[in-house]
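In what follows, subunit A forms one complex with subunit B and a second complex with subunit C.
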Partner chain A sequence: MNLKNIQKTNKLQNSLKKNTFYFILLLWPLIHFLVFYLYVNLNSILLAFRSYDFDKKQFVGFGLDNIKKAFEFFTLPYFKYSIKNSCVAFGVSFFIGTPLGLLFAFYIYKKMLFHNFFKFLLFLPSIIPSVAMVLIFMYFTEEAYPDLANLLFNTQVEGLLQNPNTAFATVIFYTLWAGFGTSVVMYASAMSTINESVVEAAKLDGAGPLREFISITFPSVYSTFSTFLVVSVAGFVTNQLNLYTFFSTNAEPKFYTIGYYLFREINVSGKLQYPYLSALGIVLTICVAPLTFLVKYLVNRFGYGED
Partner chain B sequence: MKLEFKKKHRKPLEYILFTVLVLYALSMICVIAWGFITTMKTAVEFRLDRLFLPTEPTFENYILAFSKMSVEVSLKDGSRALVAIPMQILYSIIYAGGCALAGALACFITAYATTRFKFKKVNSIVYNIILFTMVLPIIGSLPSQINVAQSLGLYNTLYGPIIMSAHPLGGMHYFIFYAMFKSLSNTYFEAAYIDGASELQVLVRIAFPLVFNTFLVIILLQFISYWNEFQTPMIFMSSYPTLALGVFNFSLGSDTRYSYVPMKITACFILIVPVIILFACFHEKMMGNLRIGGIKE
Partner chain C sequence: MKKILILALAVLMCFVTLMGNVACSTKLETIDKTKTQLYVGNYDGGVGKVWLENIKARFEEEYKDVPFEEGKKGVQIIIKSDKTTMVPETLVNMIATITEEVFFTAGGNFYDLYNTGKLLDLTNIVTKNLPGENKTIEEKMYKDYKDYYTVDGKYYCLPHYEYGNGIIYDVDYFDDNLLYFSSIDNNSFVKNLKNKSVGPDNTPGTIDDGLPATYEQFYALCERIQYYSDVPMTWSGEYKDYYSFLLLDSLFADYEGKEGYMLNYTFDGTASTIIADNGISANNEITFKQPFKITRSNGYELRQQAGKYFGLDFIDKIIEGSAENGSFLYSESFKKTNSHLDAQENFIKGTREGNKIAMLVEGSWWEIEAAAGGKFDDQTGSMARENRNFAFMPLPKATLDKVGEKTIVVNAGGGSCFARNNVSDAKKSLIEEFITFCYSEKSLQEFHVTTGIPLALKYELTDAQLEGLSPYQKSLYDYFNDYAEVVFPNTKEEMVLRNYSTLGPQKLDAWTTTVGGEDYKMPCNTFKNHTVSAKEYFEGMKMTESAWINAYGSSFN
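And now, the complex of A and B:
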């Protein structure tokens, strides 16, 4: 009986130690979540209803002015430019960047000619600091491009970013050109897990590379593709397109994206605009969040399953 | 004996992709090479010839950048100070290293807890919260983040961003550790418990070494990511400018003695070199798949 009691006590003590250790492990993540996620977002909602008092140097009051102003944003030219530019950027990324990224990953996965070199080069812009890459690209388009055009075609042209007709297209081109990096490597890694016997069987049936890509490769990496798609939709509004690095706070309003507008206002206007920007953020979250979950539902419902 | 050389039959898709990749490679190499040769030109030479190789290559821009590329900052007492490149590099190492380590540790510990302990409901809640925060877009919370950081005394400090990044939310790294721990055999841990190891000893001496490669890769990727960004240091630690922020501020500078294009591109290359070195040393781990050791059955 004593032995059984001792064993029972030991088991209880071990269980208590295990439980205590488990909760100690999760204590910091829990505190962090409560403070820096839940409280920050609740504070953001509260800020939306307040205003900044310069004399008291604090946020005071309670009203709906910021919410009204946030809805008025949708009638401003800023919004029309921003939403158009964000849509263009997303469209280019999804309809051009994603297929190209998948095909480049397929090229690397099939170990075609110089695949290691291309893999390194595609990943390089992800490694190089974006501020450095953007600046080098910017100076190239502003300084080298006009001289190149003059040398090759005997024409006098402005820098691509100086010319208002080509500036935004140049920014979009840069986003595509420097944006393959991590996605290509992740797609290629996902493709490397495809069962070789499935590929061999397809080849025996006469499938060429394109048929293999459409019928075997893409379905196998669909979960990676859908993750990237959902994350892209979630970041649709916050994408700055590196506009702050290109132009600092001086981008033309017709080039704005919503992400750039929000970040620019924080830097230019400071605490005075915090309540308005919080209100605008809430309104935009209410618009974009359902869209993100809808896309998530659709890709899971109508896409390729695990089998 | 007749030797036969078989020509590899390439499909049209391969030719098309090869052509596109060659054009991409040429554009990338041209831009970066042009940037590098520009750093070896003086301001005068660059004005005369913006395209081709310098007639007298020089590295004086690099020497000048190290001594002149300072950022003027406001200190907490309201005074102004100049922060030179060596200090910017130190701040970058502290910021990038601290944030990378804090984030990776948070993901590692949370993943370990939610896979190795049988509290199904709590583990499921934690997992789904992290998944939810990854998918749910919260827009415009930066003003509130700044406000909270100021209230907690984390604003404009070196340790503030490190504490704020010590979480498993919003990224893929928790799920990478989660998958790794799920795939580990219990035999590793049971053997340790039988030998009398405590939970802490199992965590530190069994679990951590098993996922060390993954931990290292995540820290490397995060270090590079934090080294490269400048917007968070600009907002949250403006008195402690990192090198990326220094380069950005330098690009906006108006001091005509040093604000010529070759000098500005030189600053970019100074920022690039450390990450290129890291990438050169660890590129296989960073771009490849990882495997773990096995158990003798």
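And now, the complex of A and C:
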């Protein structure tokens, strides 16, 4: 009995030590989460129902005025530009960025010519700080591009960002290029887990690279693809398209996305506007959340399963 | 052994993680524990930090034997100069916990800072005679600043330097190329440096003689410079929206005069320059509405002030330039890679193509900023900084009938000084001594001589000090002291304070327009892209009463 009790006690003590260790390990991230995510977001949500009393210098009251006012955003000219540009950003990301990301990942997975170089080049924008990357890119579009055009074709051209006809497309291109790094690495990692024997069997059956991609590779990385898709839909209203990095708060209204509009307004407005902007955030979340769940349902229902 | 290694690795990872969770601290000098430290924050912008370091040296010397804390003698001033934290917008959130105790910043909304409840009451030192002088700091202040910085009769902030935005011109270049209008024939240029026209002030023998009196003359001047295969003007491409807008605002203020301009920040007065509906004819003749009273509820009418139209028209014209040679602006002026320092360098040294640039659109602080940025370092002989002859150009007038009216320069973002109140009594005493020291006649003179930038205070420079100023600094002194009227647009108007981001001084958002269903915010970009004309832009700025009430109605009472 004594031995059993001792063993039981030892087991309990070990369990306690392990749990204490795990608890201490998770404590700091947990505090971070509670303070910088939960508290901040709860406060933001609460702010949507309050108003700023200029005389008392504090947020007071509780009502739905801001929510009502937030719906007026859909009647503003800014909404017209923002929704269009947000759709363009999403469309370009999904219909161009995703296929290209898959293609590059497949190329790297297949270890084709210079695959390491391409891996490095595509991941570079994710390593270098965004502000530095934008600066380098701006020097290319504003200095190198006009100089090259002059040198090669004897033509005087404006910088791509300077030219209003090419500015938005240039920003889209940059966002696309800068977004490759993460997706290519994630897809390539998922592809590397594919069983080689399955691929070899397919090759023996006469499958070419395209058939292999469609029937083996893509289904194997489908879960990664669907995660990216769902996250993109969820991020529809927060996607700024790097407009702030390029233009600060001075982007032309016709370039606005919903995410940039929100970010800009918070930057330039005072505390008087914070409740309205919080309410607008909630209204947009109410619009986008069901769409996100729907997309998640659809990709799970009609896509490739685990088997 | 393995356990020890794992433990060491875990400790190292904890340490590295912790480093990411603590703020950076930049200790600039070793703390002298025998002295009392005073931490001073400085906005390291146009005026730099050398002036403050000079004050530090003198103050520490003068107070080296004075005890402020028990067991200590003397003072050690520790200065933190940066552009990121030492601005009111950031300090509002940090003032309760920041190390610095006294602040020299620029711009911003003083009342945001005041409402933190953390500003030290400076009334005590402001209302008593400065040591060795028969004047108080209060007596050195101009009325507009006194009105703004007092709350319930107490001072919580003091004005410091003032600045304006406009056009700087290369006097030597103008002299060499005889780019002055003639008094004999206003439409032609002089044949020698005599017989200059009277300029915008319509008075001979002043600093503006020979300079363009009207916008039309200014365009003719630019075309003349292009004729010489040089470039009339430049501004920073990276900040083109900022600089072009500040020039626009300066032109607007100059047209309206102090009273008309200040209507936008007081909503109290008579508006006499509101353009009537369809009141701009094809040949730019204006029909005005009858003068009427402006209040908070009809403030939207001010969006149709004539000064705004003329300012927009000027910006449009200089971007468009001449039919033969195109824009009056250097091609780099629209590149995002052309920083303010690059633009200053282009102005000092000429273009990459080897042409001279005659004028620079900048703030009055530009020269000291260029010097700190090393833009004069490789210049020698007649091109060396001390030998260059730059001057602040009196703005031309929009129409002939405005020639002779006093030129306006807007000091919207000038310097200010305040301190936080959550300090010990010993520190309060030290802070008061330090601020008093900074506002002594000697310190004010030293600031001006070091930076060349005038202060928004009443003080005198000695003849020797005036002689020691560079030609540009001398021109600034004459411009701010004598030639122009300095306007301080910050007011206590409640509606402005509540909606500071759109109604505050020099806010670009107040110039948004809708033309053909499209919104535009940046006049510079809009005109560069030939999207709309100045007339269309101006007419699109019109705001309806319902839109005004919707935006600001809650602030009417």
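As a working rule, the second predicted complex is superposed on the first by the 258 of 307 C-alpha atoms of A that agree within 3 Å, B and C clash if a C-alpha of one lies under 4 Å from a C-alpha of the other, contacts with A are read in each partner's own complex, and residues count from 1 in each chain.
Rule of thumb we're sticking to: contacts are C-beta pairs under 8 Å (C-beta built on N, C-alpha and C of every residue); 3 or more make two chains touch, one makes a residue touch a chain.
Please read these numbers as outputs of a predicted model, since none were measured by experiment.
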Subunit C versus subunit B on the shared subunit A, clash or fit after superposition: clash
Per-residue touch tally on subunit A - higher for subunit B or for subunit C: B
First (subunit B), second (subunit C), both or neither touched by A:A234: first
Contacts of A:A132 with subunit B and subunit C, given as first, second, both or neither: first
Which of subunit B and subunit C A:Y244 touches, first, second, both or neither: first
Partner chain in contact with A:L176 - subunit B first, subunit C second, else both or neither: neither
Subunit B versus subunit C as contact partner of A:E143, first or second or both or neither: both
First (subunit B), second (subunit C), both or neither touched by A:F54: second
Touching partner for A:L161 - first (subunit B), second (subunit C), both, neither: second
Contacts of A:I83 with subunit B and subunit C, given as first, second, both or neither: neither
Against subunit C, colliding segment of subunit B, chosen among 80-88, 116-124 or 134-142: 80-88
Residues of subunit A contacting subunit B in one complex and subunit C in the other: 28, 139, 143, 273
Interface residues, subunit B side, partner subunit A - complex: 10-11, 13-14, 17-18, 20-21, 24-25, 27-29, 31-32, 34-35, 38, 46, 50-51, 106, 109-110, 112-113, 117, 119, 122, 126, 129, 133-148, 152, 164, 166-169, 198-200, 203, 224, 227-231, 234-235, 244, 247-248, 251-252, 261, 264-265, 268-269, 271-272, 275-276, 279, 283, 287-289
Contact set on subunit C toward subunit A in their complex: 17, 112, 115, 241, 334-337, 494, 497-502, 508-509, 512, 514, 517-522, 525, 529, 531
Residues of subunit A defined as touching subunit B within the complex: 17-18, 21-22, 25-26, 28-29, 32-33, 35-37, 39-41, 43-44, 47, 59, 100, 103-104, 106-107, 110, 112-114, 117-125, 127-132, 135-137, 139-140, 143-144, 147-148, 151, 177, 185, 189, 192, 208-210, 213, 230-231, 234-238, 244-245, 248, 258, 262-263, 266-267, 273-275, 277-278, 280-282, 284-285, 288-289, 292-293, 296
Subunit A - residues contacting subunit C, complex: 28, 54, 57, 77-78, 81, 138-139, 142-143, 158-159, 161-162, 164, 246, 250, 252-254, 268-270, 272-273
